[in-house]
Amino acid sequence: MEYTESINGSDLDIIFVATPHGAAMKEVPVLLETGVKVIDMSGDYRLRDVSVYKKWYGHEHSDPGNLDDAVYGMPEFFRSEIKKADIVANPGCYATATILATAPLLISKAVKNDIIVDAKSGTSGAGMVPSPRTHHPFCGESIIPYSVGTHRHTPEMEFVLDAVSKSSPKILFTPHLLPIVRGILSTCYMTFDLEMTDEDVERIYRDQYGKEPFVRFVDEPSVRSVVCSNHCQIGAKAFGEKVVVFGAIDNLVKGASGQAVQCANLMLGLKETSGLEVPGMGV
Amino acid sequence: MEYTESINGSDLDIIFVATPHGAAMKEVPVLLETGVKVIDMSGDYRLRDVSVYKKWYGHEHSDPGNLDDAVYGMPEFFRSEIKKADIVANPGCYATATILATAPLLISKAVKNDIIVDAKSGTSGAGMVPSPRTHHPFCGESIIPYSVGTHRHTPEMEFVLDAVSKSSPKILFTPHLLPIVRGILSTCYMTFDLEMTDEDVERIYRDQYGKEPFVRFVDEPSVRSVVCSNHCQIGAKAFGEKVVVFGAIDNLVKGASGQAVQCANLMLGLKETSGLEVPGMGV
Amino acid sequence: MEYTESINGSDLDIIFVATPHGAAMKEVPVLLETGVKVIDMSGDYRLRDVSVYKKWYGHEHSDPGNLDDAVYGMPEFFRSEIKKADIVANPGCYATATILATAPLLISKAVKNDIIVDAKSGTSGAGMVPSPRTHHPFCGESIIPYSVGTHRHTPEMEFVLDAVSKSSPKILFTPHLLPIVRGILSTCYMTFDLEMTDEDVERIYRDQYGKEPFVRFVDEPSVRSVVCSNHCQIGAKAFGEKVVVFGAIDNLVKGASGQAVQCANLMLGLKETSGLEVPGMGV
Amino acid sequence: MEYTESINGSDLDIIFVATPHGAAMKEVPVLLETGVKVIDMSGDYRLRDVSVYKKWYGHEHSDPGNLDDAVYGMPEFFRSEIKKADIVANPGCYATATILATAPLLISKAVKNDIIVDAKSGTSGAGMVPSPRTHHPFCGESIIPYSVGTHRHTPEMEFVLDAVSKSSPKILFTPHLLPIVRGILSTCYMTFDLEMTDEDVERIYRDQYGKEPFVRFVDEPSVRSVVCSNHCQIGAKAFGEKVVVFGAIDNLVKGASGQAVQCANLMLGLKETSGLEVPGMGV
């Protein structure tokens, strides 16, 4: 890793590490040694518990020390920690949509800890490498459930939601591949612990996100409205003792590089929205 | 309605009534008077209880007598009744996918009566009339939840599932509009009342549908596999006390005209699969 | 190639060879030796001239003898030859749409030999193997011109059109990849040599194809109308000295296996339309 | 039109008129009277000849005086005129892609005046009002030629190309509706009058557009690369005496509001690229 020589003594402030899972935890400690700040795009620094990491990623974690220091890069819940962090774990795309959609009700103790997440993602979530599942003749004009109950964002959601709400959430997560390129819609089903109306629910979300630059509670959330932007749209509807909450993001922006830039702005003392004030594709 | 004159004394055996809700219940009694058999494609004869009908369709039912005699046109559960019926109510598209996916577990008393149905439909489900929601620039490259908890197929699913399982099911139904033309995937979440493995679940479905010509339990159900055919694919996966069941159909075939032809074959003493032995679009 | 032993003495009538270009010309002679009839799906037997083959496919042709005997499997122009053939070269997908669209005007000497073909194909034309071009995040929501002027169907179209019209056609062929799974639209531009109205043009097509089971001249051809069927729709419009002709097929049916079955029916003395009487996806 | 009262004496600099064809020419003269500058998004001020206007739009032009003064809002060819204009006619979407793609070869006298334009547009080009053609179940998974040879952008292209090249071009224009939301690819076929290589062609385009902020000559132009941006990608390939030129834009940006903002920047003495420095959806 000779490139660290050129980092030492350079005026680099921050590095975005975009390697596969497993590779990042080899690079990150070397980079941190040089004194540069790091935002890691992989899953390597998102879970705190090395045994959970091993269970879901299939190998030991080789950098538990920095894992302890890593901050989860979701400004809506960890803004002050991100500002001071040397190493930030950028959230997963499904996790971003789902945590933003469900955390406020968990934090307010309005719902039980049992959550069903039925999520739908565009194909760009699968990455740049062609595969049978993202081969257009296979995924076009269809919708395909996959990794049912076994997707790695499950422990990430549970860990982070517990960190912010102390509610020990249990998530049943079913991702589906949509025949669109960009965008995630996470449809989340929860059960009330308190009696709540739609208005009560809306108030919780507006209280939580009212000052956030990139999260909006709306009547009719849709993927199209947020694609190409760093925005997250959230909508909710109560039905007796159940509530459905929708979270919509662009998986490549708020669910990846956009959120990373938002974190970098915070880490470097820049304006949080710098470079992110793009309205998106809109209608 | 002078066309009944040409029906009287003709050799017509059966009529498919494809009118909007509300119009069908005006036509059907006149047609039945002529002695012809009727399959109604609308929602007018799917619910038995006129007060439930009024609540969800917004007007009184004007033909309660024939409503009492109408048989729900799902051969998998009402084959012998369909054979003898004069009036068959052809099932709704979402209802078909969802009932076929959930009934076996309810019948076997393996699950509680609380069901979450997260369904995704192609745009052809919205009919022939252009509307803002099906305008391509609006629905393309997006996924849009709509009629959350208020869709008319909710009471239809509850009524029919109760008729076949005596389980008083309560359904929270969230339909989503997909940017594909044909196909429905209904993702259904239930809670076990018994301890069950994936194998136990599979056995229940194979016992229920093993001899059915158009319902198959598969490992990886997908919309593409059934589009253009009368087939329904079902898949299931158990997670602790929860189970996810998928039902995939072509909303225009098994979810509409194909199922109607299947019923007509039964009502007329023809081979049940006549005209329906098309493999579909496949992979 | 020991499988030929099991063919010898068997009651096999016909074999469809579906191998890559280059592999087929190794298999076909061995199969023909056994006395079985062969339909080859590759490009190996579509061109008569071995030097043209070498130029476009990049290697020598190793079976020039059978190449001489091979019949081009397009029943609309070679029906009687196909009936008697032992080896049929099944046409390419682009070639099928384009030849059916342009041959009648060339045969009738109504147009010059200079043809521009602007063709658009669904992604299934690229085959089963995932590649960067058919990776959904790349080809979705786009249209991509490729192999401009260098596609191998160019000499195939020129050779076959010359065989049926003796007009020495020169084709400039520009294929485009569409973000749909199935279907080809070939938009063909020609220059009149005679003065012609739309009615004159239509008469030429109706005279040519009036009795064909799978080719229809229509006002508004579209891909959707023919997908999942063996039909070809053709439309045309004259503008002064130019004429635009559209040919629409399902690349996987009339442009591949459907046409092969049509040929097999002819070769085996079966009804030409057997197994092919499927209406397609329609509107 | 009482709103002009509030314009009089206000500090409004410029008004974008976005009304249907026919309505704009009623509004524009009233607005110009107030001294404000106007950019008209409709087709009303794009053609200079009132008889051509009447032929293609079906009614008389009621404002021929301002029509004489209107400048065609394509900065690449009318930058200095736009800077001084009071009334700018914003170009049509198809016209933008096609003129940018073909003008350089016409200007350089490298090609004959006979041009075939095979264009493909996303559905947003059809506007906000739902119609049968843009109903998703009709246009999804298909490609539909329409208005063959009768589209109103034909005289616009011919008029503007003649204005810039004095070549009396004759265009055969065939638009197709693509099942994507945004983007136009215009595939243009021309015949050389001079002998030219690919390098010669490329040099002509680089000379013409080398300093343009929004037009790029590239090897592989695609719609995806320009969607959500004000960029135009152009590619070209020579084949003997023919040449194919591709022009790709986002019909809603460079083909509509983006180009209008570019003109407004010029008319108001602002930086030409203000508000338009968005990279687009990219890969």
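Per-chain numbering from 1; labels A, B, C and D assigned in written order.
Basically, contacts are C-beta pairs under 8 Å (C-beta built on N, C-alpha and C of every residue); 3 or more make two chains touch, one makes a residue touch a chain.
The structure displayed is predicted, hence computed values, not measured ones.
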item: Numbering shared by both copies at the subunit B-subunit A contact, with half separating same from different; value: same
item: Furthest chain, CA centroid comparison against subunit D; value: B
item: B-C against C-D, pair bridged by the larger set of C-beta contacts; value: C-D
item: Computed distance of Cα centres, subunit D from subunit B, in Å; value: 49
item: Distance from the mean Cα position of subunit D to that of subunit C, given in whole angstrom; value: 37
item: Averaged-CA centre spacing for the pair subunit C and subunit B, given as whole angstrom; value: 40
item: Multi-chain contact sites of subunit B, meaning residues that touch two or more partners; value: 137, 141, 179-182
item: Contact graph of the chains (line, ring, star, complete, other); value: complete
item: Contact set on subunit B toward subunit D in their complex; value: 122-124, 126, 128, 130-132, 134-137, 139-141, 179-181
item: Residue ranges of subunit C in contact with subunit D within the complex; value: 116, 118, 120, 137-138, 141-145, 148-149, 172, 174, 176, 178-183, 185, 187, 189, 220-224, 227, 235, 237, 239, 242, 244, 246, 283
item: Subunit D residues touching subunit A - in the complex, by the definition given at the top; value: 141, 182, 228, 278, 281
